[in-house]
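Handing you this structure, nothing more for now.
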């Protein structure tokens, strides 16, 4: 099985304080990895470090066996990142938020509607997003997962602010995208029912 | 490329010597300029302000250039000490620019009959002072020291690119609204017994500038590294 | 995979989205516009209705007011995108970021600078400016307001998440040459002398500012990611 | 040196006032710039490092 992403001795610092120390892990193609840790254990930092958003990062990150600095463009265009901040514009409608996500979209309009239908916001398409609840906003973000094909999805705490139904929804979306051959790296406070490898952050060094 | 402890020790060793030497040198140069140099036949004795005014104006400008140079080093090679130097220069350069403005204004009263004219040089010096103020306020607002160093460096670099443009545009603007006939550049051509003390004063100002910047750097290093062992060892 | 995006698509996305956003929120383009018109009308009230005095002062009034109005808009350039995480995606686009930032500033100028141009033309009538100099006012404002937007972007990026006064302190001294050259253009047009040299220098400043300030702005934004 | 030359030296044909006021401003700027870092440094030393040396004694 080929490895999509692999880290070698990944160390991240913030203002010279070590947050992640010598982490080694690999994300196999079509499989999922879950990062588990309490608040402040460096889950978000790990995700952002993989994307090169943390300047004080040491160690190697390999994409298809090559250092990501050499295949930067290829890597960025195959990755989908969703952080705590979802990048959803409150003054746009749901449809517009799907039509103009945070990356250029090459997707047909029918696909947007079917994605919206899958996450259960199809009857809200022309509502302005500022009138929606947190859970509904989160669903717009989920619909964005479905409208484009990426190799790797890096998602920060997808399970927070969602009810049981929403949690099931994410699991089905992840399963569907796994079938297409995509991989997931998700974070969370505790273990989910996701079939995945687990990485435990924070408690290991104490 | 020295690290903070070695730079700190270096500053601490040379500082007392440099301090006393530059104070003596400054006093000597000022004495030469204010008492020994001959009286100017056109302006009388008021011209002696030049021995303070010109050096402080020169330092106000070269201080900014130093800041931009070290800002560049801080941004491109991420040298932390360069950021500290930028931060240490800013208030010193600002006070020398202010000194140039105030002394020029006091000089203007007996020679031009007014405290202030909207002359090209005065205006561009005033804007230089505002640029210093902008950088200082950026330093004071951003809590994280290294972040602030780099933000200040960016502004110093952008500012240094714009200074020649300011000078040039201010020159044009002045020719447009031509009303004043004053010009600093028409000062009498100098004889050696006026020129040499002026040169000596400029050198003395450079030295005292260096002394102040070094003392500020020492403070910066201690502030940032107050929790490290080598600082504790140094002071206990 | 089939969704490889390129630079042109990114540029179009940013421009389209920003224009759509400001179309939805009229405040983004209306606030500087209304501010401009109100301040310009304050001058005749303070100076008195003297026609010749107003027309003499009009280039200065319009330029200073345009400068202040463009400062008003500085805050909004990156603030929202930074807060809701949209800026993150610029850095993981795999495209040259300073071009994306430049497009962002271009979009910002289209919704704040262009309305100012129209307002300036309107207020040149209120201030009894003669018709033949309006063209010099228009060209100088066109070049100048774009440079001011680029400067404002740097100010907004450096003061991201901080007070608006800070960005004003940063931007104002740097914008002096634009103000001087801009009003000099109009003043020399009033005196029937050749003003092309000022426009030439304003164009030179703009063409230096486009790459230089875009790069500086990227560096300034990066500071917030540490 | 008699009183008259000293008077001339300081008064400088009535323009000494300007020269000396600039000199005073210069002194003020220099003392201010040299004193502030010194004072701040002393404050840090007295608050941060004095108790450390005491701790060492215990």
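For clarity, chains are labelled A, B, C and D in written order, and residue numbers in each chain start from 1.
By definition in this document, a residue touches a chain if its C-beta (ideal position, glycine included) is under 8 Å from a C-beta of that chain, and two chains touch if they have at least 3 such contacts.
Since the structure is predicted, the reported quantities are computational estimates derived from the model, not experimental observations.
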Shared interface partners, meaning chains that touch subunit B and subunit D: none
Separation of subunit D from subunit A in steps, with touching chains one step apart: 3
Chain with minimal offset from the mean of all protein Cα atoms: C
Maximum centroid distance from subunit B, chain identifier (CA atoms): A
Subunit A-subunit C separation of Cα centroids, rounded to whole Å: 37
Gap in Å, rounded to a whole number, between the CA centres of subunit B and subunit A: 51
Length of the line joining the C-alpha centres of subunit B and subunit C, rounded to whole Å: 32
Geometric centre distance via CA averages, subunit D-subunit C, whole Å: 46
For subunit B, residues contacting two or more additional chains: 144, 146
Sites on subunit A at which at least two other chains make contact: 15
Pairwise touch network: line, ring, star, complete, or other: line
Pairs of chains satisfying the touch condition: A-C, B-C, B-D
Subunit C contact footprint on subunit B (complex, rising order): 75, 127, 130-131, 133-134, 137-138, 141-142, 144, 146-147, 150-151, 154-155, 157-159, 161-162, 165-166, 168-170, 172-173, 176
Touch list for subunit B against partner subunit D, complex: 30, 34-35, 39, 44-46, 48-49, 52-53, 56, 91-92, 95-96, 98-99, 102-103, 106-107, 109-110, 208, 211-212, 215-216, 218-219, 222-223, 226, 231-232, 235-236
Of all residues in subunit A, those that touch subunit C in their complex: 14-15, 51-56, 72-73, 75-79, 81, 83-92, 96, 100, 102-107, 148-151
Residues of subunit D touching subunit B in the complex: 9, 12-13, 15-16, 18-19, 21-23, 25-26, 29-30, 32-34, 37-38, 40-41, 44-45, 48-49, 52-53, 56
Subunit A-touching residues of subunit C, taken from the complex the two chains share: 1-6, 9-10, 12-13, 16-17, 20-21, 24-25, 80, 83-86, 88-89, 91-94, 222, 225-226
